[in-house]
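Before I ask anything, let me first share the structure, which is written out below as C-alpha cells.
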Amino acid sequence: MSDWFNQRMPVFKELFDHLKNYQAPKNLNFWYFFGSLALLMVANQFITGIWLLMYYTPDASLAMSSIELMMREVNFGWLFRYLHAAGASFVFVVIYLHMFRGLLYGSYQSPREILWWTGCLMLVIFMAEAYTGYILPWGQMSYWAARVIMSLFKAIPFVGDSLVLFIQGDYEVSEVTLHRFFAFHVVLVPLIILAFVGLHTLALHAVGSNNPDGVEIKDHVDEKGKPLDGVAFHPYYTVKDVMGACIFLFIFLSVVFFAPRGWGLILEPENFEVANYMVTPLHIKPSWYLAPYYAILRAIPSKGLGALAMLGSILVFALLPFLDRSPVKSMRYKGPLSRMALGVFVVAFIGLLCVGGMEVSPLSISAARICSVLYFSYFLLMPIYTHYDTHKPAPDRLT
Amino acid sequence: MSRFLIAALAIFSWSVVSDAPQYLFDKESQIAAGAQAFAQTCYSCHSMKYMRTDAVSLSGGIQPDQAPQWTEDSWNGHPPPDLSLITAAKGVDYVYSYLMGYYVDETHPSGFENIVMPGTQMPNPFAAMQGEQELVLTDPEVRLFQALKLKNRGAKSPQEFEDYVSSIAVYLEYASDPSQAYREHIGYYVLGFLAVMIVIMIALDLAYWKDIHGDHQ
Amino acid sequence: MSEIDLKKRRLLQLAGVWGAAGIVGGATPFISSLTPNRSARLQGMPIEVDLSTMKVGDQRTIMWRGKPIWVVKRPASVVSSLTGLDRLLSDPESKVEQQPSYAQNLHRSIRPDYLVLIGICTHLGCSPTYRPEKGSIDPEWPGGFFCSCHGSKFDMAGRVFSGVPAPTNLEVPPHHFLDDNTLVVGSESSSE
C-alpha cells in the first residue's frame, strides 16, 4: 500500500529521505530545541486561531462578548482562547531563547548571515502579528495600546500624520481599524509568516546547523561525502526534538491550565474592560515581550529620537554579522570581554523588560536609560571588544 | 478634604495587606449561595450578560430576561456596569473590600461613602443588612477593616454579613472564569499524561543516542 | 536482532501508542467544540405553544431548532376526507418512520384536529406552502401542502402524493399537549 502510494506521489518518502540524509552536528545541546519549538508554537497559533475564528466577531460592540461567550458556551472554548493567548507569549519566550542561542554560539556569522536576517525579519513580523492580534478583544488595553503605537508612526518626518490616517483608516483608532487589523492578523501576516518559515528553513538546509563549538562539520567528510561529525537528522534529532517538545509542552500547558492569565502578563486585568474612547487606563503598559523596546522609547526625552531608538533596537540585530570581528564563533572559545558583553546585554535586556512594564518614575527612567546604553553598547562596541579580545583556538572538529 | 486623605491612606495600607474573602464552606455551595445573593441584591441594577446560559447563575435566579437595562446617560452618565468580568478587571479582593467598605458620611448625597472608592455613585445596598459603619481611622498604618467600625447592627450579624458578601465575591470570581474548576481538573490529567510521555521520550532518546556516543568514546 | 535494537523497538512502539493516545486526546476538544454550543442547545429545548387563539382552519408557523413548525387546526370535514385519498398517496399508512409512534395513525397526530409538522419538504429541504383550498393547484387538488421548488404535494396530514419528487411523508416532530390549549414541541411527555 505504501509502495503503491510512494511510486505515484513520493511526498512522504522524499521528506523522510531528506531528513535521513540531512546531516546535523552530533553535539547539539538543549539550546537547539528552540527552533523546532518555535515551529510547534506557530502551529499552535494557526490551529487555535482557526478555531477562535469560528466564534470571534470583529465588531467593536461584539468583539469582547463574542470571545467571552465562546469561553463559556462553546465546548472547550476557554481552552482555545487560553492556548492562543498564552501561546502568543510563549512564541516570544521561544524566539528570544532561540536568538540568544544565536548570540551565544555565533550563529549569525558567515555563512549564516541570510539565515540570521530572515530570523530578524521574522521577529518584526511576529511583533506585527502580536500587535494586530492584541487589538482584537477590543478591551481598554487593546484600544489604548493601539493608539500609543499608532502615535509612534506620527514621529516619522513629513509623512507621519498622513501615514497614520492611512493605516488606521479614521481620525482615531476605531472600528475601521479593528476590521482591517483583523484582516491583517488572520490572513495577511500569517501568510507572510508561513513564507518566512519556509525561507528560514530553506536557508538552514543550505548552510546546515551551527553547533556549540562553532566549527563547520562540512570541513571533514568521509569518502562518501558524509560529514564525520554529522548524524542523520532522522531519527536522531527527530526523537530529540519530540522529547524537547514534550518537556516544553509540560511547561506551556501548566500555564494554560493553571495560570492562563499569566499573573496579568498574558491577559492584563485592564483588558477585561471594553474599550472606552474617553478614558485612558491609569497605567498603560505593553505586553511583556514588547516591554524592552517600549522602555527604550520612554528612556529618550524626544518623540522622534525615541521612536528611532526603538526601531534601531530591533534592527540592530541584523548588523551582527558585520559587527563581530572575532575569529571564532562560539562563546566557548571567545575571550572574557565577549563573555562579559553578552552577560551585560542579557542583564540590560531583562532590566528593560522589567522597567518597560513599570509606571514612569525618576528611578525607572534612570534605570531604562542605563539599560538602553548597555543594550546598544553590546552591539555598537562589538567591533572594538571582539577585535581586542583574546580567544582560545577553536578545535578542528567537534569536541 | 482631610477625610479623603485618610481614605487614600487607608487604600494604601489595604493594598499592602489584602483582605481576601474567606472560603468558609465548600466552594461550590458558596458559589451557588453567591448567585442567589447576587440575584437578590445586585441584579436589580447590575447585569451579568456573559452568564446567560450558566446553570448555577440561572438556578440562583439570574435570569437573562430579567436583566436590567440602562441607557448611556442614566445615573449621571455612569450606569451600573455589567459585573461578569469585574473580578478579572479589579481583583476579587477589591470587590470584597468595596462591598465591605461603606460608612456613614452625611456630606455624600446618598449618606454613605465608600472607603475603597471615594465618591462612588453606588448607594449603599447593605445599610439594612449590615447596619451602619463609621470611620474611626486614627493610625494610617492600620488595615482597612480596623478603619471602619460598626455603629449599629443590621438585620444580619457581622459574621452572617461577611459570609453573605464573601459569597457574592466568590460568585463574581467564578463568573469571571467559570472554566476554572474543570480546567484544573483536566489539567492534572494532561500534565500526568505528558510526564509519562517525557519519561518514554527520554528513554527512547538515550536508546537512539547510545550508538552515537558509543563510537565517539 | 541485538538487545539494544529490541529495546529501541519496544520503546518506539510504546512512544507510538502513547503519542497516538495524546493526539487523539488533544484533538478531542477541537472536535467536541464543533457540536452545537450551550446557547444553541438551550434554544433547542422544547417550546410551548399557546393554542387558545387558534380558530378552526388556522395555520401557524413557529420556529424550533431553526426549522419552521406548522400547527394546523383542521376542520372535522377535512379529517374525515383523509380516508378517501389512499390510492393517490405513496405511503397512506405512514409506514416509513417519519413520525413518532403516537402519530402513526390516519390523521398523523395526537389529536385529530391539531396537525403538527416540520415544514421542510422531504425532497430537498424547501419549505412548502399551505394550500387548503380545493382545486387551487390542479383541478383535483384536495387541499394540503405544495412545494413550489420542485412540485411536491402533500395532503392535509402531510402525506406525500405519488408521482412527485419527494420520497416520504412530511416529518412529525416529537410533541405533546400539556392541556387543551398548550402544545409542547420538542418533547414527548411532560416528564422529560
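Lettered A, B and C in written order, each chain numbered from 1.
Heads up, the rule we're going with is that a residue touches a chain if its C-beta (ideal position, glycine included) is under 8 Å from a C-beta of that chain, and two chains touch if they have at least 3 such contacts.
Quantities reported herein were computed from a predicted structural model and do not represent experimental measurements.
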*asked:* I want to compare two interfaces, A-B and A-C. Which one has more contacting C-beta pairs?
replied: A-B
_So, comparing C-alpha centroids, which chain is the farthest one from chain A?_
C
*So what's the Cα centroid distance for chain B and chain C, whole Å?*
46
_For chain A versus chain B, what separation do you get between their C-alpha means, in angstrom?_
35
*Mind checking the centre-to-centre distance between chain A and chain C? Centres are C-alpha means, answer in whole Å.*
53
*In chain C, residues with contacts to at least two other chains*: 15, 19, 38-39
_Multi-chain contacts only, two chains or more: what residues does chain B have there?_
52-53, 190, 194, 197, 201, 204, 208
_Please output the residue numbers of chain A that touch at least 2 other chains, ranges allowed._
69, 72-73, 79, 242
*Hey, which residues of chain A end up touching chain C in the complex?*
47, 51, 69-70, 72-77, 79-80, 242
*Could you pull out which chain C residues touch chain A in their complex?*
15, 19, 29-30, 32-33, 35, 37-39
*Enumerate the contact residues on chain B facing chain A in the complex.*
49-54, 84-85, 88-91, 176-179, 183-184, 186-187, 190-191, 194-195, 197-198, 201-202, 204-205, 208-209, 212, 216
*Quick one: in the complex, what on chain B touches chain C?*
52-53, 190, 193-194, 196-197, 200-201, 203-204, 207-208, 210-211
*Inside the complex, what are the residues of chain A that reach chain B?*
26, 65, 68-69, 71-73, 78-79, 82, 231, 235-236, 239-240, 242-243, 246-247, 249-250, 253-254, 256-258, 260-261, 267, 269-270, 272-273
